[in-house]
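Both complexes below contain chain A, partnered by chain B and then by chain C.
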Partner chain A sequence: MRLSSNEGMSHNGTRQRWQPILVLSSVLTGLFILDLLLGSVKIPIAEVFKTFLGNANSNEAWSAIILKIRLPRAITAILAGAALSIGGLQMQTLFRNPLAGPSILGITAGSSLGVAAVMLVAGSATTAYTIRQLGLGGSWLIIIAATVGAALVLLLILGLSFKIRDNVVMLIVGIMVANITIAVVSIWQYFSDPEQMQEYILWTFGSLGGVTNEQLKVLALIVGIGIISTFFLSKTLNALLLGENYAQSMGLNIRRSRCQIIIVTSLLAGSITGFCGPIGFVGIAVPHLTRSFLNTADHKILIPNCVLIGASLMLLCDIISQVPGSQTILPINAITAMIGSPIVIWIIVKRRNLKASF
Partner chain B sequence: MISEETILTAENLTVGYKSKRVLSNLNLTLKTGELTCLLGPNGAGKSTLIRTLSGIQPALEGQTLFFEKEVNLISKKDLATKLSMVLTEKANPGNLTAFAVVALGRFPYTSWLGNLSKQDTEKIKWAMQATGTVEFANIHIAELSDGERQKVMIARALAQDTPVIYLDEPTAHLDLPNRIEIFHLLKKLASEEDKAILLSTHEMNMALTSADNLWLINQDKTISTGVPEDLVINGAFEKAFSKDQMYFDYDIGEFKRSLKQSEISVCLIGPSILKKWTERALQRNNYAVVDELHADITIKIDGDLKVPTWTIDKEATSYKSISHLLFALEEKMSRQENLNPS
Partner chain C sequence: METKRFLRKSNGMKKIQLVFIVLVVLQFSCSQNGKKDQSNYPDFDATKDYFPQKIEIDHSIGFDVVYHKNFKELHLFRHYNDVVDTVSFLLVQRGTPTPTNEKGHSVIQIPVKKIVAMSTTHLGMFEVLESLENVIGIEAKQYVSSEKVRAMVDEGKILEMEPAGVLNIESVIASEAEVLIGVGYPNSQNDEHQQLINAGIPVLLNSDWQELNLLGRAEWVKMMAVLINKEKEVNRKFGQIEAEFDEIIKVVAESNVDSPMVITGIAMGDAWHVSGGKSFAFNAMKLAKVDYPWKGDNSTGSLKLDFETVYEFGLKADFWIAPGSARDMKGIVERDTRYQDFRSFKTKSIYNITGRDKEGGGNDYYESGIINPHLVLKDIVKIFHPALFPNHQLVYYKQLN
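After this line comes the complex of A and B, so read on.
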């Protein structure tokens, strides 16, 4: 096992660094194309390619389906997978806890609360459907509601984390805060009209298909900013691996770093939750998957690979949720959990390096 | 000898918390090229003092001048280029290789992305060579033993390239050979690299033998400073650690358990090395070892280290091991008790 050699000092060769990125990029591209090809409506493969090559399509409806439904849907899947994965990665590093993720600490519940506040309280005129009809303004409203909700919960968690040093206690507190948030939403639901409630419940199933081309631009911008910011934080995240005290002794400003990480995570998780509903498991499973495969904790390597694996996994979930060849579409949230849970179990049982990470 | 430079001066320092003063009226100095040991029993306030001296925790009274500046007023970024730390807590940096952990020590010097320059890599290599951790470079930190991991953490502090290093109980989880190795390494780094090293520990043997300078936490919450031997001679050492059933053996520089009243006194005759180890076994089993005049029992040791034998009070049987001897003594005592129950 122990290679005692001086070449060990030449650490992380460029080949070692780029190889997984290249492989994962190909996988992502493959799944992206597959997602465009498959769906409830059968469209011949040649026709799909024709649409993208700019050739006139024999069926107008097909090109509309591809460009207005499948393409935004696939891009949304990529954005959601990437955003939730690196959101989870940051939470796991910040709290030094393998079970942390954007949803487990109540951040997603906070988003739900924000969205519920808009959908349930604002009155019948502003149900989710009408908000989405408002176009850009409406999507901003949902994003802001979800992000504010997420940020409030995260700030609460953060405030508590200053008092709590123990990771396990912190996690339990986070889950409790999530429960309180969910309870508030439940009470809200209880006093809401069934019509409004239905909208909200539909939203909680999660959907990658509800994002229009216009809204996609906003979402892509936010997620893009989030991913780039996360990459800028990679040095900070690496320092946090040694624990806060060590990080501080190396000159890291803990409070500021915590704030940055929390803002970026709530932006990523909050916006995705706002647009697609609360999508679970990706945020927890993908960081583990990435660490396990690459056998490193260096965030400079983890972040790009996390983005690729998260996006690929989400595309795969989207393909499955559409049950190719049938008319049915399953809720994406159920599919991510169905795929995510076995993955988490598989890693814990099979790859022993999970425990070494925390 | 390299000229010594005072890098830290604490004046009338009182450390602790609002509700509790932990240590008070401290006047301390740290010099380059010296290994200073902060010695005190568990819970005496070693970590609190180190936190205060590193500007993490505000002092209750007095001031700490670090490079002629009040330590609390130095920005964390500046401080990180002057002071590095090795902490008690077991760092669990995930599946990073030892090299990557040491590389984190370059944090204050690298660009926003943390990419290592040639100079950074040189420093890391040097730090790993100085600590003898080169062979672990590609091994994941979780696979290392506690001692190896602690050496990697010291290498990380070295890579941070600071004139001062604080170590808070760095040997707390280590076995004796590893403790000796770490102390030796730190002593070497202090003198060869001209670093000022402050190390807290509760192990007086190690501190006595390795430290250039001792900060001894007294029972009255003050600190005596000086060369270790001076502190032994002037009695500060005994006072600092003394407890009811302990006394300080000035011959060997160790604390020993005081004798109890009910002990049975034994006299030992034989080769000195065998006498010494027999004495230890007897003392552990509540026998007092005294001279011939006061002894209840005399034990004669014959032979050498290879074939020793023990005989009690000129009895016919002799015993081939201390284990047998102890058993026989116990039997003898219980027989006597049965004969004259007092």
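After this line comes the complex of A and C, so read on.
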């Protein structure tokens, strides 16, 4: 049992526990500053620091670019990376399956369904006008649609979770629900105008830059609640890792824990998908990366490190997607997949037996 | 008086002579061509120029017409990539023999009487040619702005071929259409078109969107005219349009207005597509003397830029044209609150092509606007330099409020 040996290790002192957190925090800070410095518009490093020290810039546009574009974007990257990573970690533990991620329960698919409903169906005819009359519009409409879509799928899964005891069956049901939503979206796409389809496809590419300062406050609040709740769940997660029967014998209410984990994950993944679009691979790759980096399965250690590694990886992806020095940009989803997939492969090759972690 | 009568007489004489010569030649050519042609086309005259009125193409890069005695060669060029792809058709005058067709081009009998026109851009052209009665099918009434066409759909004279977003091949075939004019996109060589071609309905892919200037796009009306032998009418109508267009350019050239800075498009996701420096949109604005951050760029389509790159210019640009689907200032803020920082936002100098756009329906800019390049240009000049045309009211463009 890997877990028990690790628990033994924690007696060796807090130093071993805090060392990786300190290292990762400085990496995160470094990447954060780098993300603020690099961009399409060339801004001298001194000017960037001037902005944060409250001094006037020699070019007014620069401070606006840094404070209104680069800063919210970097913070969004941190929130998205952290939220998706611990969402993935919880799913992998809950289902005791190395392939699980936030998208596996159909949460991402549910969000896509909501967004597709707004963009493809409502956008096609006079209903778009009706929706606008309600006072909803633009980016908030998309965010609400994605969240409602995710919530509906979540309710369905939760309802099923009371009927189905077996986690593997739950996993399969989740994948099937995702497939159904994808099918509905593709039927809509088939009957939609190319322009609407283009808008939808653009959304599926993912975007960190579309979150403005006002929206960021809402996103930060939701993700903050999600991360704190995950910390409180770490004991439950550790117990689940030992097997459901064992956890039950420890006095854990399996059904309630499962419910809590699903709600927290949905909150994390649903909000990020709503604000940034479906961002893949971070949720699967980061938990594996963290486990192999720290060589532990203790969630008390895994959760904070997962947050740091996820946020750092997302910042790195954001820096790459902006292709520093050029005026163009690459879709964030492509970058996370290109970086995430080799990481997963590397870990599988290195550790040979992923099942040992579960 | 005396001389006049003499002249008239000699004219009559000439006519008789001409008819005589024609008859002789006809007899000669008939014996040359064999009996088959004679029996099938008793009225065919091989020496006659069946198309005395011809068109010339001055602006368009997308098509060309070569005239022969009783048929026209129509070449459609598709400049999708670096390679130019050509599709050719033989337009043969009704009641005359089809020429030898070694290359196997599609043959269309002209004047075409039954046309299915799949884009609203075609409808404006047929309306100008006063040939809407030749149109028997359109995509869907929903997107049509022309009252005439809408009425014709209601009366059942024009059928909707794509009411549910998918081309109904069976209705096209059942309508006995002689030709379908589609829209040529890079991958529009689709199965449905192939099925129609197999069923004997030639598909003409109109790629007017690839034209790089206003007159080039409008000149596609000549391709429509070629199909229905309305060369004379189209030369007159297009000539008028050209004259009005040139008049506006002259007014701008003679004025000494300054060049305000303009940006285009709106961010979609993280990327902001602005009009390229050689694009249709900028070529049109260039005529109205503007300053554009990407005027030195060489792309004919759009330029994909990072949000902050455009934002930097947006802060100081005087005008903002065509911000995507935004219809009012509220719609702009809903998309992203950062747009409020733009100078054009503060001065309410944002314009979109929604002047004649019906929400949930079609935009007349893509219908009659195509064939009214002079009005579109006048709109653009009015936006940037209102003093030059104080009495002009914006038609296709609209100021966001």
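Annotations for the structure displayed:
By our rule, the second predicted complex is superposed on the first by the 289 of 358 C-alpha atoms of A that agree within 3 Å, B and C clash if a C-alpha of one lies under 4 Å from a C-alpha of the other, contacts with A are read in each partner's own complex, and residues count from 1 in each chain.
The definition used in the following text is that a residue touches a chain if its C-beta (ideal position, glycine included) is under 8 Å from a C-beta of that chain, and two chains touch if they have at least 3 such contacts.
If you're wondering where the values come from, they're calculated on a predicted model, not measured in any experiment.
With both structures placed on the common chain, the touch criterion links A:Gln327 to chain C but leaves chain B unconnected. Looking at the shared chain after the overlay, A:Leu252 reaches chain B, while chain C stays out of its contact range. In the superposed model, A:Leu202 lies in contact with chain C only, and not with chain B. In the superposition on chain A, contact of A:Ile228 is made with neither chain B nor chain C. Of the two partner chains placed around the shared chain by superposition, chain B is the only one that A:Leu242 touches, whereas chain C remains out of contact.
By the touch criterion defined above, A:Ile187 lies against neither chain B nor chain C after alignment on the C-alpha atoms of chain A.
Within the superposed three-chain model, A:Ile172 lies out of touch with both chain B and chain C [touch as defined at top]. Comparing the two complexes, no residue of chain A contacts chain B in one case and chain C in the other.
Looking at the complex, you find that chain A touches chain B at residues 1-6, 8-9, 11, 96, 232, 234-235, 238-239, 241-243, 245-246, 248-253, 291, 295-298, 300, 353, 355-358.
By the touch criterion given at the top, residues 54, 56, 76-81, 83-85, 87, 89, 91-97, 99-101, 103-105, 107-108, 110, 112-114, 121, 124-125, 128, 134-140, 142-143, 160 of chain B touch chain A in their complex. On the side of chain A, the complex with chain C involves touching residues 39-41, 60-61, 64-65, 68-70, 125-126, 128-129, 137-141, 191-193, 199, 202-203, 205-210, 212-214, 277, 321-322, 327-329, 331-332. Only residues 142, 164-166, 267-271, 304-309, 311-312, 315-316, 330-331, 333-338, 341, 359-360 of chain C touch chain A when the two sit together in their complex.
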